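Next up: the structures, one after another.
Two complexes, one shared chain (chain A), two partners (chain B, chain C).
Moving on to the complex of A and B:
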């Protein structure tokens, strides 16, 4: 049984890569349509395997200690170290599959120049993401992450929107630097522990005999915090994010903002804090204060945005602050909340990017203040957009609520003042979210910019509804049944000493 | 077994809402039928549970929903006397308003959305009532906020609905910010938010209830029940359809704040300081909202300010003895729902005319609606034997009883409550005389006709409760072997009925209490006469507005709260946000810091490149410099 699940895991990671390889091999005789359907099919395989694994994990979370579904020697024989999932990586893996599938579906119905290359890059990106969350080996985590990162640069410079050159350059510099700094941190961990390999278990083993001194923990954690922080757009290293997301093609923006950005947080939770608890404790106040800037300062900046995509992008930067706060609390509750919020935010922001794209395509207008009254023409689109907005502002019933709530709960014992400041985020996000809804969909007749084409604007088509329904269903499922994530998460996090120091 | 039945009461409306959204969105009557049926089902279920033999017992159940580390959250029901009282109000009034909506919304193109919203509201409201802990209550609390948002935005193409829905949600979120912190504080210090467990903790050690915690939680009450200083959203919320105003913004949701405070009072969560604070702000609200109601000409807004005033009275009740608050909540739900539905019936008949000075002569044209309106008006201005009299009178008596202690604050509260009681007949008289008496003042009112049975039947039933609803609490009436206490199931009357009689008899021992009752009655009559003298005669305009414009403007601005908040939002907050977005984020961080770093890098690069030109000259220079540097290092 165990082996069949690990085959499924391998299939989930390899399917997108396989698809990319197939497309590259049969490039000349590959039609546009077959590129679309191949990608949909293979990312569907990823999705199916991820969902089955999620179900299986939920069913026997008690049995799984450490990583489950670990892949066999056969693959390690080929030079690839074993892969596996635990309570932290399982939701991330599932989210990557869900968002990836939705992104591919969305791309499959949109009109793209040179679709073969687009889908090839998209598949490589999805494969990289699935691999990054399934790896149990630090170096491979990092490599898969790069696999996912590089296609974004290329896609942006080919299909990007306004200001793509500047945005692509800025993003490339930022993210490569951030990744490099964190790579130094990862190598430092490996060298300091003298572990047999970069495998997480090997490092934990080695660390049990040779603990890292407090000074080195302090230094290495700083490298990881700021390196990974750059990837997650921690204040003040955030300026790449809004420009990138608003310039990137939609499917890539969905995958990047939804999934790839969570990688930095994921490594912090999975690797950095458990291995370097003393380092994290030293830096936790710095991290918390920077994260508060994300919540409040970026929140206010979001309020001032007029461009719809910029608003969504800034809001996604603002929400990352809460995840950092959860990690800074160094408790099962806070870190678990961060994982929940990463899951929920990944889905909701992907949905928001997708729907913003739908709105912008229909109206030809970026400025929210020039829209208005769209509800009359597009009730279904409006319904989805409102649902996504409510999810991102943390309404109960959606996954995000549990994340935000647990993080705030954990923060009071960290510091009531920080908790209070962080909680202003629930007001700020309501202000910009509902303002956007009001400006776009409600109000009287359309503005004069929108008037000529207003009557021609049509609602979401059936094909467009499918990815939106998938994302929303996942959000609601976890919102109503949070145990699907928290049960395995709780049992895995409570055996990590770093998260169980009572204060 | 009860657990299953309560789950049905809770979840059937949710499924109906979901089903309507998914499949009946464009159906003409499907959503309406489903929604009314689900409301009827809920009411039937609640009644059957209350008539069950063991309905007197307190029932609780729970099921773990969420666990992370040391935090566990149970989804559970607490089914005691307080729950039963509130649940009856919510399901009974809710059902009647559902029926009314069928008639009221008959010409609305998006009935599916409306009824799905109503069903979703019923789900979230029953959730608040049944919750066994503060966190689940907060979850449903947010959900009623959402249903209120969605239903206010029903006429989404009007600017009023667009602004009002947003405002309602955001202002409520400001209150919830404090509420959430209070819950977190509570959980961190007590280790639980379960009402039963907290009651045990406070019983053994009342000192563990802290004032800070109570004040934070009170923020939630202030937001939801629209008290100082967050009352601004309720008046605007009248942009929603009238049944929504009746159900959500008068009878049930806004009273959820009061319900929560009563729940917390029963377990000893709220310290005397908190209660004092609540009493004072609510007394202020009761008085000023009454004044502000005189500055409105929209029939729904007048009723909205009257709701604010009465929520204020309930708030005073919380401080004086929580059963009084619950008492007034119950009677208020009956007569205020009636008044709103009357307003709805008239608005529907007058083709969405809402200005009372453009109505008039409705009594002749809509006799049933008008008779109902008369009953409800007499009830709200506290004429003896009408429901409103009993609950309002007992709050007045309690305030007087407390002020006999001699504290200045208590006397101020008492006089504010007296003022509020005096203002009610004035603004209600102003409404009644202008709308129902005299002759029509507009084309639309001229052609008003009595509404359909869908609307009049719920009105008549509610009118009966507006008259006689309080008798179940005030007198010992036994119907159906004690299953019904008059018009209300016996199980739903125990919470108030058992204590209120004792409280009243204790209060009657206070000196001058009978004088107070007489004075209050005379004051009410003077109020009616004064109102008739000033506003009677359906002139088609407001006398005060013509004769004393500054006074009227002052009333109309309702305390300039909106002006201050708008100034803050537009001139302070938005400007600050724009400053951050442009100057700090774009200029300082992006341009100076990031690009600046880039420029420094490229300038340095250019400088270094200068050194590496390949002429022999410069290479010799560098060699000599290097040798010199080495010699210095070696010999120094």
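Moving on to the complex of A and C:
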């Protein structure tokens, strides 16, 4: 049974790459329609395998200590280290598959110039994301993460929106900076422990005999924190993110803001904090203060946005602050909350990007304050948008609620003051989220004479509803049944010493 | 010199002999062939392939023996490396001579002599022999740089290289004189590398040694001897620019690595000197990285940009050399060096092949603007451009990433932390110009008026290079457990 699951895991990671390879090989005879259907099919394989694995993991989490579904030696004989999933990576893997499938579905119905290339790049990016969360080897995590860089750059340069030239370059430079700084941190862990390989198991084994000194923990954690922090848009290094997301084509923005950005947090939770607990303890207050800037300062910046896509982009930067706060608390509750919030936020922000794209495409208007009264013309779109907004501001019933709730609870024992400031972030996000809803959908219905472009707008089509329903269903499922994530997560986090120190 | 002691081990230089022989035959053939036919070129390509086979089957690889009275060491991987470079340059030559270049057969002859000379240079075990081999290669490079002699840009490149190489040759010779004058051994053994360890405390010897190293740094285009390379790369015919960028640089770096491995720094009194040498090489490599990357930012001429990129890459390679001197171990260094050079070769030839595909025999004024709309015109050239630029920028999963990774790991082992910082900074800066080039080619707008050509032999070569760039990195996992 275990073998068939690991084959499924391999299939989930390889399917998008296989699709990309097929498209590249049969480029001349590949039609636009077959490109779309091929991508949907292979992305569907990824989604199906991720969901089956998630179900199997939920059922058997008690027997799985460490990584489950670890792929066999057959593949590692060819130089490829084993893949596997644990309580932290399982939800991320599932989210990557869900958002990836939704992004491909959304792209499949959109009207794109040169769709073959678009889907090829999208598949490379999705494969990279699935692989990044399925790897148990630090170097391979890093490599898979970097698969996204060139496709996003190309996609932004070709299909991007306003300001794409600058935004694409800024993204490439910032992401490379963050990635290389964290690569140096990863190399440091590898060399300092003298591990046999970059594999997590090997490093943990090596650390048992050669622990890293407090000084080096301090230095290496700083490298990882700021390197990965740049990738996650931690406060002073966030400037690339909003521009990138608003200029990137929708499907890439969904994957980038929803999934790729969680990678930095994932590595912090999975690798940096467990391996370097003393370093994290030294930096936790710095991390918390910077994260508060994300929550409050970026939250206020979000409030000032008029452009709908910029508002969504900034809000996604602001929410990352809460995840950092959860990690800074170094407790099972806080880190578990961060994982839940990463899951919930990935889905909800992808949904928001998708729906704002739908709104902007229909109205041809970016400025929220010029819209209004769309509710009567597009009730379904409005319904989805309101649900997504409520999810992202943490209404009970959605996955995000459990995340924000447990992070704030854990923060109280970390520092009541920080907890109090962080809680204002929820209020701020309620203000900008609900105001956006009010401005776009509520109010006077625009008259045909005054606002011709706002009349005669059609609602979401059936094909557009499918990805929205998938994303919303996943949000609600975890919202009502958080145990699907928290139980395995709890059993995996509670055996990590770093997360069980009483402060 | 006691010549009677020299044994003539012709078998050890079989590969070089094949190259020289084929070069002579090629010259004779091209003198007799009336019209501009490519028969001589094809013959020369077979000659290079034959030399490559001989080199692979050559029994001297890896043996610790010396030949010709200790003048030559056994062959190293460099021989195969530079032969592949020559092969690729020859292939690019077909494209170049098809679009208006002249005297293809003679060009191949000069290329083969240059290749053989570089192989001997790297195999040298004696400074005087190294000098002669180096000058032989350099003279060939003058001729090749000036090949398009009707064009001012090509002549300018050749003259610049002539002047700079003259200076470098003088430095080398002066260094030899100083080392000889230091008189550390009996006259027969004075200039042999294995005796250099003894000279580390001697001021005269050290001066001479520094001069020799600077002379080779000229060839590598390392700071402060880097200024010639963008001009020369820009002006020389494109296949020659590629050969300059890869083979000439590789020869210099491998030679520097080699002479430093001969010196044993572990002896007690020399510890301080080793520290100083590590520091000096580190500063040179840091400055090289900075000058190369910062200089490239403002470039829009693609061949000049490749020149600056070459300077930056020389800097990265020197980081590995600095780490080698500090650690004093050879196994990991050799892997890193040849892996990085191979990655650099695939990427550089992949790009220069694209540069060579524009019409006209002079590519020296190609700018980003010529690349606009390339993704519409040719998906083959575009994909080659994207993959190889990503490799030079060090983006996984390309080979360039693994090269940088190995160098970074070496640097951490050697505790050269600040140098790692400079390297990371340089790599981040390099994103700007490599991706800038990529972005220009992705522009769908019209603009690139210069027509492109796609010749028959081009596609397989470019596929091979791109595939190598993409998948060569996997080799690392078989060699080292990462």
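Note that in this section the second predicted complex is superposed on the first by the 499 of 503 C-alpha atoms of A that agree within 3 Å, B and C clash if a C-alpha of one lies under 4 Å from a C-alpha of the other, contacts with A are read in each partner's own complex, and residues count from 1 in each chain.
We take it that a residue touches a chain if its C-beta (ideal position, glycine included) is under 8 Å from a C-beta of that chain, and two chains touch if they have at least 3 such contacts.
Only a predicted model underlies this, so the values are computations on that prediction, with no experimental measurement involved.
J.: Which touches a greater number of chain A residues, chain B or chain C?
T.: Comparing touch counts on chain A for chain B and chain C gives B.
J.: After the superposition on A, what does A:191 contact: first (chain B), second (chain C), both or neither?
T.: The second partner, chain C, only.
J.: Who does A:153 touch here: chain B (first), chain C (second), both, or neither?
T.: Touch status of A:153: second partner only.
J.: Now for A:181: first (chain B), second (chain C), both, or neither, which partner does it touch?
T.: It touches chain C, and chain B stays clear.
J.: For chain A, which residues belong to both interfaces, chain B and chain C?
T.: After superposing on chain A, chain A residues 173 contact both chain B and chain C.
J.: Taking the touch rule as given, give the residues of chain B at its contact with chain A in the complex, in rising order.
T.: 21, 25, 64-71, 110, 135, 138-140, 142-143, 146, 149, 153, 156-159, 161-163, 165-166, 169-170, 173-174, 176-177, 180-181, 184-185, 187-188, 573-574, 576-578, 580-582, 584-585, 589-590, 593-594, 598
J.: For the complex, give me every residue of chain C touching chain A.
T.: Where chain C meets chain A, its residues are 375, 379, 386, 390, 393, 395-397, 401, 405, 408-409, 412-413, 420, 424, 427-428, 431-432, 435-436, 438-439, 442-444, 474, 477-478, 481-482.
J.: What residues of chain A sit close enough to touch chain B in their complex?
T.: So the residues of chain A touching chain B come out as 170, 173, 236, 239, 297, 300-301, 303-305, 331-333, 336-337, 373, 375-376, 379, 383, 390, 395-397, 401-402, 405-406, 408-413, 416, 419-420, 423-424, 426-427, 430-431, 434-435, 437-438, 441-445, 482-483, 486-487, 489-490, 493-494, 499-500.
J.: Under the touch definition given earlier, write down the residues of chain A that touch chain C in their complex.
T.: 27, 79-80, 137, 139, 142-143, 146-147, 149-150, 153-154, 157-158, 165, 168-169, 172-173, 176-177, 180-181, 183-184, 187-188, 190-191, 196-198
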